[in-house]
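Can you read through this structure? Questions will come right after.
Letters are used for the chains, namely A, B, C and D, taken in the order the chains are written, and counting of residues starts over at 1 for each.
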Amino acid sequence: MIIILSSQATDQDVEKIVANLEGRGYGIHLSRGVEKTIIGAIGAPDEDKALIAQQIETLACVERVVPILKPYKVVGREFHPDRTMIDVRGVKIGGDEIVVMAGPCCIECESQTLEVARFCKKAGATILRGGAFKPSTSPYSFHGLGEDGLKIMAAARDETGMPIITEILDVRDLEMVAKYADILQVGTRNMSNFGLLTEIGNMRKPVMLKRGMSSTIEEWLQAAEYIATRGNYEVILCERGIRTFETFTRNTFDVNAIPAVKELSHLPIIADPSHGTGKWQLVSPVAKAAIAAGADGLMIEVHPEPQMALKDGPQSLKLDTFAQFMKELAPIIRAVNRVPAWSPVSELAD
Amino acid sequence: MIIILSSQATDQDVEKIVANLEGRGYGIHLSRGVEKTIIGAIGAPDEDKALIAQQIETLACVERVVPILKPYKVVGREFHPDRTMIDVRGVKIGGDEIVVMAGPCCIECESQTLEVARFCKKAGATILRGGAFKPSTSPYSFHGLGEDGLKIMAAARDETGMPIITEILDVRDLEMVAKYADILQVGTRNMSNFGLLTEIGNMRKPVMLKRGMSSTIEEWLQAAEYIATRGNYEVILCERGIRTFETFTRNTFDVNAIPAVKELSHLPIIADPSHGTGKWQLVSPVAKAAIAAGADGLMIEVHPEPQMALKDGPQSLKLDTFAQFMKELAPIIRAVNRVPAWSPVSELAD
Amino acid sequence: MIIILSSQATDQDVEKIVANLEGRGYGIHLSRGVEKTIIGAIGAPDEDKALIAQQIETLACVERVVPILKPYKVVGREFHPDRTMIDVRGVKIGGDEIVVMAGPCCIECESQTLEVARFCKKAGATILRGGAFKPSTSPYSFHGLGEDGLKIMAAARDETGMPIITEILDVRDLEMVAKYADILQVGTRNMSNFGLLTEIGNMRKPVMLKRGMSSTIEEWLQAAEYIATRGNYEVILCERGIRTFETFTRNTFDVNAIPAVKELSHLPIIADPSHGTGKWQLVSPVAKAAIAAGADGLMIEVHPEPQMALKDGPQSLKLDTFAQFMKELAPIIRAVNRVPAWSPVSELAD
Amino acid sequence: MIIILSSQATDQDVEKIVANLEGRGYGIHLSRGVEKTIIGAIGAPDEDKALIAQQIETLACVERVVPILKPYKVVGREFHPDRTMIDVRGVKIGGDEIVVMAGPCCIECESQTLEVARFCKKAGATILRGGAFKPSTSPYSFHGLGEDGLKIMAAARDETGMPIITEILDVRDLEMVAKYADILQVGTRNMSNFGLLTEIGNMRKPVMLKRGMSSTIEEWLQAAEYIATRGNYEVILCERGIRTFETFTRNTFDVNAIPAVKELSHLPIIADPSHGTGKWQLVSPVAKAAIAAGADGLMIEVHPEPQMALKDGPQSLKLDTFAQFMKELAPIIRAVNRVPAWSPVSELAD
């Protein structure tokens, strides 16, 4: 770490800090400028560096402490330069193929779920999404079917062969949800639920970690580190929009985050333009943008009758709109030298 | 709700929506302007209004749906015009007295906790704060002493008589934490942890609900509604700063929120200038500002040696700084016609 | 407009507002719900609606006023459903062709500018960008060559045939800058410089209006309206990123804004991924994303030696990186059924 | 500056950077850690440090460049530890006295302006505010009376003896506005209008510089530096709220900025709770908060009939509300050991 002292710092202040850090095993480089004195501290092997930095920053004679190393390691590219590819019942995420996860926001009933699943599969989706437990800002809203919803999803998987992804909302349901889900989804409100992250880290099951709506990329990667340091390396990141001052869209989809994450981490990244925009008319263009920017896949909300949906209707695509979208997506995928995980089924949208 | 139709909406579109809403029991006011048609829908007693609004908004012929009623009820002033006062072992929160909750960020050891508790009490604090379970962005940081920390807090309460407030981080620990705590604290990362809110709603124990760092005031009041609708009305709100583009401070303390909440809700509101600024030098002026703006109390991090603290040292006040602050605070409290919950103990800071 | 009254409003309050609005020529729809009374006011032809709304909102008995009409008109799609195409010396912006504007951030010297211009043209760019007047947060930074810079740009235009775009920073320089520029650029810091917008509105010259870094889409369209209402309809919008809490990138490129603007307005929209990301490594993926999302063109900073650039080096592409990027861009353009404004010159990047 | 190299940097990369910086006159401290190499560069006297930092950051082998010195100097406390006090026709800003600037948002007519001026003076205000040139997001709104408005303000000054502050919107009007104004006000949209800042810097007249609505504190101080480096040291800062995701208030008043500015700069700071909240009900509590946090004064919008105001009615105080507010403010001022710039005139509000 680098310690920038305030211009009021005395020689004694400097000596005290140096002695403290040397006592902890740091190598010290001291440099006195005309206006500022700077202490470089290198290589303390066994302690919590972030804490020491914070403690040093607390001193009145210190203006600022600048960390040198990134606050994550296992999920960083410096630790593991090759890209991670995750295999979910034969569907590969993070390889050349672009994967589309599609389905309704919430599981509402069995016949509808099966209808959507069959349709999405035919249109090219390879993973079925659906919520059985739904977070909701209002205490008066629909909160999902719970385990019954998971059973419906499992039935849809049995019929279509598509692996299923669903959100784990409450750590107490983890074991039960994990029995059904092929990929566990951690939602934006749980990105900093460190108890949940730790338990998932102790499992051996793929997890998709959505970015917190006000989390920086660095905090998001630290959350992934929580999971990975427990030994569960099958972490998929999902950009789903951040909260900004703009109100026309529900969130601001941070397309910059896609190439940024690819530069900083080896984990695959999925884009969720449904939440990232909140408006079905914007889903298709922003989904294409995400793929053009390098995303490894998409998560799209699809509903046969959005105007009857029990949640998120305004951001759900109708079946035929989804099919049309998938047709338009394939050329973009090829334009970035990747491969759709499906073969073109042109009749669907015609 | 008010439905603003797009200029492309046909007469048939209008009739369909009107029929749908009348079928659900709404009274309808239709008004056709030169450029826009507007449907006012009033008084549907038994359904989920937010859902119906969302479903209507999904229709292509609809430009926008404007809700009329606020999305919370029980915690709103229209429902309950008198201010709520909460009694915690004889300490009144939300009345004329201004309450100061003080103590270390984390409980680190017994002797230190007792030292801080005794000192804070003498300086005027009436509630002891301290963390036994700590959320932390980094998986490598200190996470608290757990139940041992709670036992230390209980010992400090036994000695000093101060009620204790501590954070409940994981819903699985709720029963255990509630055994020790006089006030349960829900942290900023858990404001939208709806499972936890529901369980706390089922208890009969005061809770302090911190604002989510990217939550609007309206969402925060909805989170309070989650708890209150279960029957636990002893909810204290806590403004602790929001996330903005400013990086000089850790958060932007939203002082506007204090009078805003007082206008919209009857619940008491506490300010946390330690997290709201992240810098100990700013804690005192911002704490005074919060009281001047109408806050019912403060939560302040105090540590005997901030440069040795295991967490949040840079935002913790030293003991003598805290004592000096309390002396300076009393005249502000009186200037807004309120009363310090303590008698002046002038010798402490002299 | 729709006026939502507070639950304290009396019958007299309602009558007073109704009489006031009827006096101004509004048609009134009054609807009394159980909890709220709502006044719909329709069709006041000649006055400043925003002002009246604000005055009504000032009344203590009013909770909220909801406007019905959008705050812009001439630049909206409801006013002019067909897309606007702007012809700049034969280069068409807003049609099927995707236009790339490229060049250095600042004009530094003639030989370098000519080198970049020739190279960019060969690589496919059709408009030359370059700054002669540069805004700069620091008073100690380079501020551009002024009119000398414009002369260099004009020379580059003479040689290459590329039209030139350059920023007008100070309204006093407008006439002089307009003598040289083919497109005037209004930067992010001037989006709300209403004096400048008005003067540009009085000209007949294409203008590219960058989004204010903290402006909503609606405010941005209102700024365009300032120009258009004076009679200058040749307005090109440019998304260049907004300010958010994320610090890894210089700005957050708001890709949602591209399809949003296409839905709300008939004006062409250009993307500036150089400022939108602030990092040259992210420019290519985000540029591709913008095209996939429907942008009509790009503005890219290119410099022969970014490490020697007098401004914005970290976000400038080197010449060969730019050529490689242009090769990769063409297939994306075709994948969204559009046409590159250039013919592929494959040898450049090989 | 400190240069953190990427883990891919070679010895040759390091040597090249070192040679480059030594050639520019920097002293170099090189430190090689296990994972990262760091170059400290100290003391290059005569060049643009920010530019060199940017150029170095452009290199592929560089991960990050950390500046050591603050990007402003003349306005910083390290340069000038004593607080600056500005004398405006005998009214002192930045000393022990708290100054209140009050008046209508816009000057609308002479009789009303005189009425407000007389009343505000009697209630305790010592400076008269009023707008003759108004920025407005909508091209259809009122833009002020121009020079006629300034003449009205001058007449009010003649009668009441209060110095006047008014906004300079367009650099072309500067000379004319300066003829009338005692303090020039630079509005939030012009904080980065560097041409205007430079011209004001060349004058010898007090200026109040409002914070840009999306500007960091550091950028704001750099804008002040623009003015001060030209020789005009009479700069007053004004916090007026920043743009965040919260929509209940017009802006988020950043109370943290007040003590932060006091720590970083010697310039006086005024608070504008009218714009900082956008709601008259919140003006009084937030104004008190600003004073409690250490502000040197306030700027308050006052209007005899807010519901008829041509601008900003919802955030304007009525005359009697203002008088009541001033009565309540005095005890807060004394509670922070400062002095109201007025003597209590109790009869006004009774």
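By our rule, a contact is a pair of C-beta atoms (placed from the backbone, for glycine too) under 8 Å apart; a residue touches a chain by one contact, two chains touch by 3 or more.
As the structure is a prediction and not an experimental result, all values here were calculated from the model.
Common neighbours of subunit B and subunit C under the contact rule above are A, D.
Using the average of C-alpha coordinates as each chain's centre, B ends up farthest from subunit C. Distance between chain centres (mean CA atoms), subunit C to subunit D: 27 Å.
Between the CA-based centres of subunit A and subunit D the separation comes to 39 Å, rounded to the whole angstrom.
Subunit B and subunit D have Cα centroids separated by 30 Å. Looking at subunit C, one finds that residues 214, 243-245, 247 touch two or more other chains. Here subunit B touches subunit A in the complex through residues 48, 50-51, 54-59, 71, 135-143, 169-172, 189-190, 192-195, 213-214, 219, 222-223, 225-226, 229, 243, 280, 306-314, 316, going by the rule given at the top. Subunit C meets subunit A in the complex at residues 214, 216-218, 242, 244-249, 252-260, 263, 276-277, 281-282, 285-286, 288-294, 328, 331-332, 334-336. Subunit C contributes residues 2, 4, 7, 27, 29, 31, 33-36, 38, 40, 42-43, 66, 68-69, 78, 243-245, 247 to its touches with subunit B in the complex.
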